[in-house]
Amino acid sequence: MKKVIGLAAAVEMIPDGAALMIGGFMGAGTPPRLIDELVRQGRRNLTVIANDTARPGVGIGKLVTAKLVRRVITSHIGTNPETQRQMIAGDIEVELVPQGTLAERIRAAGFGLGGVLTPTGVGTTVAEGKQTVAVNGTVFLLELPLTADFALINAKRADYYGNLEYSLTARNFNPAMAMAAATVIAEAEDIVPVGVISPDAVGTPHVLVDHLIGKERGHG
Amino acid sequence: MKKVIGLAAAVEMIPDGAALMIGGFMGAGTPPRLIDELVRQGRRNLTVIANDTARPGVGIGKLVTAKLVRRVITSHIGTNPETQRQMIAGDIEVELVPQGTLAERIRAAGFGLGGVLTPTGVGTTVAEGKQTVAVNGTVFLLELPLTADFALINAKRADYYGNLEYSLTARNFNPAMAMAAATVIAEAEDIVPVGVISPDAVGTPHVLVDHLIGKERGHG
Amino acid sequence: MDEKALIARRVALELKDGDLANLGIGLPTLVARHLPAGVRVFFQSENGIIGMQPLPEEGFAWSDLTDAGGSPIGAVPGAAAFDSALSFGLIRGGHLDVTVLGGLQVDEEGHLANWMVPGKMVPGMGGAMDLVTGAKRVIVAMTHTAKGEPKIVKRCTLPLTAVRRVSLVVTDMAVIEPTDDGLVLREVAPGITPERVLEATEASLIVPAEVPTMRLATAPS
Amino acid sequence: MDEKALIARRVALELKDGDLANLGIGLPTLVARHLPAGVRVFFQSENGIIGMQPLPEEGFAWSDLTDAGGSPIGAVPGAAAFDSALSFGLIRGGHLDVTVLGGLQVDEEGHLANWMVPGKMVPGMGGAMDLVTGAKRVIVAMTHTAKGEPKIVKRCTLPLTAVRRVSLVVTDMAVIEPTDDGLVLREVAPGITPERVLEATEASLIVPAEVPTMRLATAPS
């Protein structure tokens, strides 16, 4: 039941080549200490599933600049020229997914669905190689669940059980990813006593969180 | 932009034969005044999409007892002997849907999905007449979206724009239904000034709510 | 000993510290009372909460905090509330460690029928199909027979709840585990012999050379 | 007049009181500045909020309240925050009244291409495919030509964003409406003749007998 562990120990659980879901949208809602520790430990050949790769020096952009990423499944790389450069150089493989489809694919994995039928992408390059299903005369793409070895989650507050509370646009992909990965590691700005977060304010119930990064001395 | 209307006027918009999604779980989270006004106005031949029909005298049970309901799409009628009696008498048609499938079908309609692939019901009577889809060797049922003419929603608090805040287990099907019906009528215990509900506490954004039932004199 | 209490006390030993559990209505609900000391289990109510507990005091009820039967409950510190879609996402997505459900029949394949009797009782499946399909472990808690008729049968004659094999069946006479090879008799209730279990069971049972007596959690004080 | 401001002022007239609108990055963002008095529009940012507004004052930024580009924003009273799944549920479920997006090409079928140039620019589609597929109205706001080349073409040579026909195209030269019959020239910019629009357009245009001059919202003070 004890979920709080050290930052270094948490990141040591992640092997080279792991598939990581990482919360955040252009850095907002991306766990900063987990990202920095991944860079410090130099984990390599990572697959990253995330909305975007932010900018160089910001959030997931730090992983890209440090050349830790082999593959990205994402909706957007346009804000990070380094991702584009590595893609063109063949160092990084990029699978582009429409943002809403990305959210639904991640959710489907976490919710035990075999897939979802979406209209987005029909008739475009996104449809290539995908099964289509007609429902009452309308054609939909069958989009499949997306899972990962780890989800790296950022929350505003956690309690010691691991309940997570999110804040405004820093929420984004975090709740869905916390359902979808085999192991969930969460980082919060604060860890508060159990019972302090109202049941209605919990965005991710504690049972989904495997490990919670503790505050360390000297971090203020 | 003015959303607050009288109770009677709201219910007058609902014609005989309408399909209604009604929030609530055994009465908790079912809009009490809308239910009572439907009974008072004697609307007939309704289709009700809801988790259950509660008990006689409670929530949706009042509609059943008043013989306003022609058809129910629901996960459970076992707690309401009157629903069972009317079903056996052929006065009410009951379509039973597993509770999780009901939630996903309603959500799919509101989220613009053509359907979801679910493992629940495979190999049971629920699968009869339904398309199955195999994904990586696992068979799923293709379950289709469920929509309605109106959603009758119950919230703890609303603001005058129509943002809704829910409370504990009274939340249940309300948020999904508020996405899925053509017209959304919401009833809240309180209507508070715009800006009073924190953006993070909003369970249903105001743009989804068409009409909000105002407090009436004498209701305390 | 009351047969329902016996079943609940045996099932309680299957719950582990930190588990997320969902207990069906009726007999399964009793399991919560028999948890061994030091085992903290989080109970989900499928209408939208993790951390339900019995109403702690008379007069503490609130209409927005209810169980799946609509009755007032309490919530432990650290409880989390959510809507029905997330509630069943937890169940179907494999996040629920264990569900304990009542049963009408279990057959040799470990299939459960517990939601309807054609021509008689059609309450609806509620969340039962989702629970049996999605929970990591499915424990059936039921009496061994009904009106003298075996409930553990060769093949369910009642409509199935799911085609997923349940994890364990706990009755007032025995603990039975469905396996690839068939139903294995794991334990017998105090004072019950394997022979009596076989007599009260329509299905074939695999009976190991030694069948220990049922372990039981201590009764609540 | 600056051509971007002109486009934004014309598009602003398409927004109605109470609309939920999503503005794409770049030119479309300017539209918010030109709303007529008395028209209250709620702006969604697809990273998870309805009710975004520009940062009201220097020093009021917070890292948890950002737009889709990651820059700090403000929120109006009555704003609502949510996760990405709900955000795109609003978009794909038909709850978004209007989206204004930039364009690389629009063709005679009203199809939009705005997310990639093969072999050159592959930023990713972000939310563009969802927006064009799901919004009730899709308004393309773009310059009429790029480096002298027409952007309104017979058939898009760039990869499509969706096969859904857009609702309206507003450029610095014209307002064009894709219809069942083809592209109809609805308005021309001040000082521009239908002939000049035709010259700058590769696609066939249907030109009604009378083509009024573009209406424009007043510029912000």
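A, B, C and D are the chain letters, set down in written order, and residue numbers restart from 1 in every chain.
What we mean here is this: a contact is a pair of C-beta atoms (placed from the backbone, for glycine too) under 8 Å apart; a residue touches a chain by one contact, two chains touch by 3 or more.
Note that this is a predicted model, so its numbers are computed, not measured.
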Item to check | Where chain B and chain C overlap in contact partners, by chain label | outcome: A
Next on the checklist: If you average the CA coordinates per chain, which chain's centre is most distant from that of chain C?
Outcome noted: D
Checklist entry - Between chain B and chain D, what's the gap in Å when you average each chain's C-alpha atoms? => result 35
Checklist entry - If you average the CA atoms of chain A and of chain D, how far apart do the two points sit, in angstrom? => result 29
Checklist entry - In angstrom, rounded to a whole number, how far apart do the mean CA points of chain A and chain B lie? => result 32
Checklist entry - chain C: which residues touch two or more other chains? => result 49, 75, 81-82, 85, 88-89, 91-92, 134
Checklist entry - Tell me, which residues of chain B touch at least two other chains? => result 104, 107, 111-113, 118-119, 166-168, 171, 199-200
Checklist entry - For the protein chains shown, what form does their contact graph take: line, ring, star, complete or other? => result other
Checklist entry - Which two-chain combinations qualify as touching? => result A-B, A-C, A-D, B-C, B-D
Checklist entry - Can you list the chain A residues touching chain C in their complex? => result 1, 107, 109-113, 159, 161, 163, 179, 194-195, 197, 199-200, 202, 205-208
Checklist outcome for this item: The answer for chain D against chain A in the complex is residues 45-49, 62-70, 75, 81-85, 87-89, 91-92, 121-130, 133-134, 159-163
Checklist outcome for this item: Contacts from chain B onto chain C in the complex sit at residues 25-29, 51-52, 54-55, 58, 74-79, 84, 87, 94, 96, 98-104, 107, 118-126, 156, 166-176, 203
Checklist outcome for this item: Listed in rising order, chain D residues that touch chain B in their complex are 17-18, 20, 40, 42, 49-51, 75, 77-82, 85, 88-95, 134
Checklist entry - Which residues of chain A touch chain B in the complex? => result 104, 108, 111-119, 133, 135, 138, 140, 142, 144, 166-168, 171, 199-201
